[in-house]
Amino acid sequence: MSSEPLLSVRNLGKKFGGVLALSGVSLDVFKGDIVGIIGPNGSGKTTLVNAITGFIQADTGAVQFKGKDITNWKPHKIAALGLTRTFQVMRPYFSLPAYKNLIVPLFSPRARKTGGWRGGGKMGSRDTVAVDILEEIGFERDSYVPFKLASSLPTGYLKRLELARCLALRPEVIICDEVLSGLSMSEMASMVPLVEKLQMEGITLIMVEHRLRELFRLAGRVIVLNFGCKIAEGTSEEVMEYPEVKQAYFGSEEVYDYV
Amino acid sequence: MSSSKGDRRKERIDRGIKVRSDSVYAISSWKEITYLIAPRLVLILGLALAPLVLSAAPYWQRVVSIICVYSLLAMGFDFLANYVGLVSLGGGFYVGIGAYAAALLNTHFGLPPMITIPMATLLGAIICTVLFLPCLPLRGVYFAIVSLMYPLIAARIVEALDIFGGTDGILGVDGFSNVWIEQYFLVLCVLVMVFALRRLVEEDIGLVFRGVKDNDQAVKASGININQYKAFGVFIASALGCLGGACLTHMYMWAGLSQFALDFSIIPIAATVVGGGGTLVGPVLGCLILVPVSELLRDFGSLRIAVYSIVLTGFIVFKSEGIMIYAARKYEQFERWVEI
Amino acid sequence: MDIIIYGIINSVSLALMAVGFTLVYGVSRLPNFAHGALYILTGYLTWILMNRVGLNYVFSAIIALGLIGLIGAAMYQLVLIRVRGMPISEIIASYAIGLAILEGLRWGGLKGGTFRLPPFVEGSVTVLGVSVDFQRIFVVILGATLMGALWLFVNNTKLGLALKGMAQDERAALTLGIDSDRMAVTATAIGSMLAGAAAIILLPLGSIAVESGYHVLIMAVAVCIVGGLGSWTGAVLAAFIIGFAQILSVVYFGAHYQAVVALLAIVITLICRPSGLFGRQKELEERV
């Protein structure tokens, strides 16, 4: 673990009308980490992601990435720097086949400079790289899944397509907004090793999740939000010991039934 | 899609020849080459022969040019609406800018049409793109509303400030040196643009455009500046419009307020909807149908816009796929009823 | 003093033009591009009823209003409901209907000058040293009354509350037993009648001409964008801003710049505050 955090969020705050969606949230992410962000519905998880990645303008606070102040930059500039995200509501480019969905990130200035996923764009055509990425994350080439229209794919594939779209960019940090939610047990089982593999390759992940069991297995550190505030931070075991967490997140002592 | 009658349903199956000819194997037999080329050949030969065939009737020969101008506009609309996701209701603005640019270049600097047209196209497109820059972040309805106002207000400004000849327009613009040059120049423009645009949208950059239309958030998250692409889209569409406008000026040897008029905004939209949006050929087909109808109705003045509008409403509500998509389906697929 | 009085008159006129548009958009999310056409059509119907059928002014106006409500409802029920939820098709279809009406009327012989509605009361009066004709005073009084009545209607009647509920959240309204399709039809009918009412109040100031149909549409749209689409308070406020800006531009720059003011207002609004003066955050996300 290097001493300088890769991504550091200081005191981020955001108001919607009169509602305080985010108040003074700070967190540090180091290279190679998997950080989990959990919290009940409406606790500001997605707002936090939006504010970090520039999709909404934060009212207060600052975001630093790779030593640069990226507070309230435009999303595309943040992504070009290597910090990208998936979306909770999956909206692939429906009118295109799955692998063509990846052409867009592969065509972006960043991917053209770095060669995209594992630098493959410098050697092969973008189409080939796109199919390679999809195969890597579980689109079976033999059954022609990568070539099917995105609109005809089931949820599990769409979630992975979201992730693939990020990977194509060859990012340093990916913020995954609920990539595990809504997956079947078997899909989940294949997703977990995939995430571990990405970590091995040096990609830093921030995972916003509802599924605690898998998240606790993956994440080295967990941050708990409630009502827009950070109420706990630590390893999964530590976090569960906070009384506020039990109270806010589960409302009772039945925590371990979930986990 | 399939209308059910009792316990039957309609089944659509790609013809074997389509499945094979979608890839490079098409060159394996004459039959498949013909299958691929025939529709394109019909379009090319049809447009190329039209001026010759109609040379007996000079009035209708002129109509071919007008069809071409509208086709350019309609293609621009189709491209912008169905590939970039910006619905521009103000096509007249592009035409007007192109027309005035060509007329000014011609009358002030004495440049011949073959130079003013490319210059007006480029210059006009730049002007239009710059003027549309503030509106580019807008989506859907909002862009449509604002784009609708551009031609109306441009006409008002020209009228009010009495610039560029005011309500009289700019007179004394040179015409094309002869009618054949005019016709074939326009036909060539349309054909080149149809095939170029169809190629463009299949290229990687075209996929980015389609990405902007389908889900601009994800495009942003991929590190791409969507406004840049939208501006580029507007540039292409307005270049097509300005090209049409510039040709129009030299055809009528005049540039005036009527080039900001509704005809140029509504007919391309109607042609796109009727012909089949998203095909880029459909709009040309739509113009081939609608513009002659418009000429027949010329004596009835503004009735023709009313007729268009009704046709347009009918198509958009009841047959929104348009002729081209329907025809392509018939050409490429079997349809049969199956018992279930 | 001129500026204040004529500014108020102009602003109320703009608010009248826009209120129907913003109501329809607020409730059914339909940008009713046939708004200007309905406006002119009401004037034309009133004129026909007065001069061809021979009814008196009040009756013709009331019947014309009823008819325009029916036409608006029919337009929605027969055509626009089929493209509901497809914004682009909605715009094109309603714009096309509006064009068909306006250009049809033009072809039918509607030209400026010959078709006029008489003012309610002839003559003029001097207010604070400025001579104003009675019709303009009526515009302000009736305009204010209409807005007030509309406000009461929306906040105090069952139907009004249903409309308001739908404007805020259509799905929630559905679960509360509000038939959203019927409400959308109702809203379109009411919106059409508001366009009609604006026509009856404003048209005596000029003549019934196709061009003013487009003008009304542009102004309604401008006011709604500046105010934030679907927001009534915003629309009224925007009407006053644009109204006064126009009068000021006429006084200081000349009458030509009136149209430019509207566009400028839109462009500035869109750049500085894309959701409009009173737009909500949710809309901002839809727009940008």
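The letters A, B and C name the chains in turn, as written, and every chain counts its residues from 1.
Everything that follows uses one rule, which is that a contact is a pair of C-beta atoms (placed from the backbone, for glycine too) under 8 Å apart; a residue touches a chain by one contact, two chains touch by 3 or more.
This one's a predicted model, so the numbers in the text were calculated from it and none came from an experiment.
A.B. asks: Have a look and report which chain pair racks up the highest count of C-beta pairs in contact.
C.D. replies: Contact tally peaks for the chain pair B-C.
A.B. asks: Average the C-alpha coordinates of each chain, average all protein C-alpha coordinates together, and give the chain whose average is closest to the overall one.
C.D. replies: B
A.B. asks: Measuring centre to centre with C-alpha atoms, which chain is farthest from chain C?
C.D. replies: That would be chain A.
A.B. asks: Taking the mean of the C-alpha atoms as each chain's centre, how many Å separate chain A from chain C?
C.D. replies: It comes to 47 Å between the two C-alpha centres.
A.B. asks: With centres defined as the mean C-alpha position, give me the chain A-chain B separation in Å.
C.D. replies: Those two chain centres are 41 Å apart.
A.B. asks: Averaging only over C-alpha atoms, locate the centres of chain B and chain C and give their separation in whole Å.
C.D. replies: Distance between chain centres: 32 Å.
A.B. asks: State the interface residues of chain B toward chain C in the complex, per the touch definition above.
C.D. replies: Interface residues on the chain B side: 81, 87, 89, 134-135, 137-142, 144-146, 148-149, 152-153, 156-157, 159-161, 262, 266, 269-270, 273, 300-303, 305-306, 308-310, 312-313, 316-318, 320.
A.B. asks: Hey, which residues of chain A end up touching chain B in the complex?
C.D. replies: For chain A paired with chain B, touching residues are 53, 55, 74-77, 79-80, 84-87, 91-96, 100-101, 103-111, 126, 165-166, 168-169.
A.B. asks: Can you name the residues of chain B that touch chain A in the complex?
C.D. replies: 204-205, 207-208, 210-211, 214-215, 217-226
A.B. asks: Which residues, counting only chain C, touch chain B once they are in their complex?
C.D. replies: So the residues of chain C touching chain B come out as 31, 33, 79, 82-83, 87-89, 91-93, 95-101, 103-104, 106-107, 214, 218, 221-222, 225, 229, 255-257, 259-260, 262-263, 266-267, 270-271, 274, 286-288.
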